[in-house]
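The following pair of complexes shares a single chain, subunit A, combined with subunit B in the former and subunit C in the latter.
Coming up: the complex of A and B.
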């Protein structure tokens, strides 16, 4: 099978490092793509489940822009809604009417939502959720869980990271997912001081297997937090509209007070949302929080169309089914080649790892061999599937994976 | 100490420590020469090589002390996980570093046992890298640096390495 080269990507990157810190930064950075020469850096175009890089190589995209693409690149219905809105107005003096339509759609779709607040990125609303919880409880401290990702604002990072102060983490307590004793202990030591607990609905760290909540875990968390007056914040920036359109909490059987959304909610158009219950609405109203582009109408129209499209096409079920077939197919192939493939997390966001080599080198090489044959796999992060991934994509992916396993033997 | 303005050892009262008063200052002078490069000195290939090797070795061996006493590095130490990191110049010298929770040390073991590797293309790039003159992500993308394995170890050790220049400026 032919493998790709990335001459133009490299040339662009040489220019980029001169004028952009790191050339490409953080989650799009080439640094965790190992070995780096197997990966493209720059995209030229995208359609359906695939993208084409600047060198003309086509990839079946299993990262979906690290989550935002959920219903296919250039989805006709979503793009049409966005463009029609753009023709009318995007950012202007005054809030757009579509903002009300979108808030109502979220209120009707997400079980716990009585209201919605819009911003641009996931971190805009995770930070806002903390401010709302602090205002609501008149307490300072927040529990976040080890390995959980909530963005890049200083409170989300460890103070040993560049640019972050110990003071930034002063009121942040790090807990452990699925560890109720740890939660009880933290609460006991900080009695009456904890404003909120922020957590993803299931644990999906980078580099390590995803972890589903233990039976009864969330129900007990909910019970403890209700008793202690702690606001429950669920960060669905990565999982939102991929696990359950009504909220992943419905899948896991609990009711949070606030839920953060972004990534998939508008199929790639830039928008995020915090939704919450009526009990907490007046606190949300008091917090001063806004941004220059948070009233941009085009992403709101795209989001409205995305959510309707996902509901109409039973998108969540479709992604789950595709993810299960992908996991099964790859696992079988791995077994045939004498390898053990571990797939964890939700089928629509699988974290995949060849478990034979704990150093990860084998897994990194396999992902790289797949990528340079046209199935874009990262080795450090969970993958994403979309409603646009087809049976043809699956067939082609398995052919690529087979060839990549053969290539591993020659390395 | 490397400036020669202070005597590192309290000599008064000692009569049989000739090394400390004679050879030791010469060693420190030599170390100072090789560890305090000038732009002119770095134009000499041999000097560049020795400076690079000394810097790599000094930085690696400084890791436990920096982790113990620097508050940020100390916090990073709490997050370290068990592993073995190889920092190596391709076709050149390298150091092997063992890590675990609150533990970091240079070890003399078989480099092939490393669970994480950072390979540096050549001596000039290694020199720039060790002196903080390399955009690391850019260098990775250009192939000047190559990483593989449990790269989260490198993230942590990199945070501690980043603290070293603060104490030698």
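Coming up: the complex of A and C.
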């Protein structure tokens, strides 16, 4: 099987480092793409489950833009709705009518949602959720869980990160997912001072296996938080509309006060949302929070179409099924080659690694060999599948993976 | 002259309050639109300098989406570039080539810029600029000026605002624009502790007249900051590409280290940018900062087209000329009616008020009477003009303003 060449990607990158810090900044950056030589940097076009890089190489995309693409690049119904709205109005002096339609759709779709508030970044709404919880409780402290990612605002980072101050996270307490004793201990030590707990519905850190909630974990968290008057905030920026269209909390059997959405909610068009219950609505109303493009209509029309498309096509079930087949197929292949593949997390966004590989090098090399042959796999971040991934994609992916396992032997 | 009816706007708003905190949240919200009955809430479509609300009323738009629209709604060249890019790829697993083109264009256009970094909100880059300044100087404190608006992140707000903590702005010192003694005093009291000064190039608060820098002010600020090793950050989110395409600092004769852009840089498509000098590039590279839609290609293509369009059409000169004619025309009309119109700030984004009106009620009523007749004027925020505003718009606006002055007499 031929492996790819990234000549134009590298030429562009050489221009980029001159005029952009790091050339491509972190997240999608070359940094976590190891070994870096195996990865393209620049995308030329995308359709369905695949993208083509600037060198003309085609990839079955298992990152989906790190989450935003959920119903296929250039999904016809979604793009049609977005472009029709753009032809009328996008950003203007006032809100678009579609903002009300979208808020109503979210209220009808997400079980706990009585209302929705729209912004641009996931981090816009995770930060807003903290402010709402603080206003609601008149308390300062927030528990967030170790390894949880809620954005890049200074409060989400460690004070030893460049540009971050101790004071930025002075009221953030780091807890541990699935550890009720730890939660009880934190609450005991900060009695009456904790405004909110922010957590992803299941734990999906980078560099580590994903962790599902233990049976009874969320139910007990809910009970404790209710007793202590702590606002429960679920960060579904990564899981939203991939696990359960009604909210991942419905899958895990609990009721938060606030849920943060972004990424997949508009199939790639830039939007985020905080949804919440009526009990906390008046506090949400009091916080001053706004942005120049937060009334942009195009992403709202796209989001409405995305949610309807996912419901109509039973998209969540479809992604789960594809993710399960992918895990099964890759695991069998690994076994045939004398490896064990460890797959954790929800099937629609699996965290995958080869076992018995303490330096991660074997796994990195395997992901790299797959990518160089057209199955885009990163090695330290969960993957994402979409409703556009087909049986053909699966077949081709398994062929690529097989060839990559063979290539590993020659390294 | 017939005045407008907002039946459908109000019906939509009644639905909205059920599912959105405040119905429409602050900024564009009904709150600062006084008297509220005079204003539409929902936009149906927009073209050139005008928008049409959901009731079919047409407005000459003097807010331009609070800044983003600079070259006319549905500007053909910009929309064409944006849609062509969308047809290839928008948000995907990797950066688009147009990101490099746009960074190079900014480097070529903005005098101080050696590099650019892209995000979504103005506030994304104002916050990033603080982090970069702190990393660069290894100091904590930031001076921002009273009445300056840099977004909604807790550090930009007062600790007495709902959801904001004292700690959020613990390292923010509030200074006064055009007051060098105040600056010297702050620096003396915080010797060696100040990382950066963030300021708009001229002072454009809400509810107060805009204030141009005194002669020599910025030159002295620059001198002081250089002596003290303080990073100079200019927030051009509102002024960017309206005052000077090469940077408003060129108009005022000084050189900052970092400039924040957003709003007008892509004629309404959602994007922001921090640009800076080579001296600070390595610090910018160290700060961890990213977002799900920050590599979206469509707004980048739109921004490239917007900047080229503004240069090609001498857009900045055109807006200044229109703004001057508007101010002159309205001032004369006011005088004829026994009023004095006070116009401050740059002609492309004038802050306008009627004099001898301590409660602001007369001015509010006049703006309201204009809006109800089709010239959309807010009363507490600077207006914005665009390159799409025409002589016909001016003529119609003056007719409306005349009729509004007459209507004031009957109130």
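One rule holds for everything that comes next: the second predicted complex is superposed on the first by the 411 of 411 C-alpha atoms of A that agree within 3 Å, B and C clash if a C-alpha of one lies under 4 Å from a C-alpha of the other, contacts with A are read in each partner's own complex, and residues count from 1 in each chain.
The rule is short, and it goes like this: a contact is a pair of C-beta atoms (placed from the backbone, for glycine too) under 8 Å apart; a residue touches a chain by one contact, two chains touch by 3 or more.
Remember, predicted model here, so these are calculated numbers, not experimental data.
With the two structures aligned on subunit A, subunit B fits next to subunit C without clashing.
Residue by residue along subunit A, subunit B and subunit C are tallied for touches, and C comes out ahead. By the document's definition of touching, neither partner reaches A:338: not subunit B, not subunit C. Contacts of A:135 after superposition: subunit C is touched, whereas subunit B is not reached.
Touch criterion not met for A:215: it reaches neither subunit B nor subunit C. Shared-chain residue A:41: touches subunit B and subunit C both.
Residue contacts after overlaying the shared chain place A:161 against subunit B and subunit C alike. Once the two complexes are laid over each other on the shared chain, residue contacts for A:360 go to subunit B alone; subunit C is not touched.
In the superposition on chain A, A:21 makes contact with both subunit B and subunit C.
Touch criterion met: A:288 reaches subunit C, while subunit B stays clear of it. Taking every C-alpha of subunit B against every C-alpha of subunit C after the fit on chain A, the minimum distance is 6 Å. In the superposition on chain A, the residues of subunit A contacting both subunit B and subunit C are 21-22, 24-25, 29, 41, 161-162. Subunit C meets subunit A in the complex at residues 12, 15-16, 18-22, 24-29, 40-46, 51, 53-54, 59, 61, 63-69, 73-74, 79, 83, 86-97, 99-100, 103-104, 106-107, 114-117, 120-124, 127, 130-132, 134-135, 140, 151-154, 157, 161-165, 167, 170-171, 237, 262-263, 268-270, 281-297, 299, 376. Of all the residues in subunit A, the ones that touch subunit B in their complex are 10, 13-14, 17, 21-25, 29-32, 34-37, 41, 158-162, 166, 207, 358-361, 364, 380. Residue ranges of subunit B in contact with subunit A, taken from their complex: 71-73, 75-76, 79, 114-116, 135-138, 140-143, 146-152, 159, 162.
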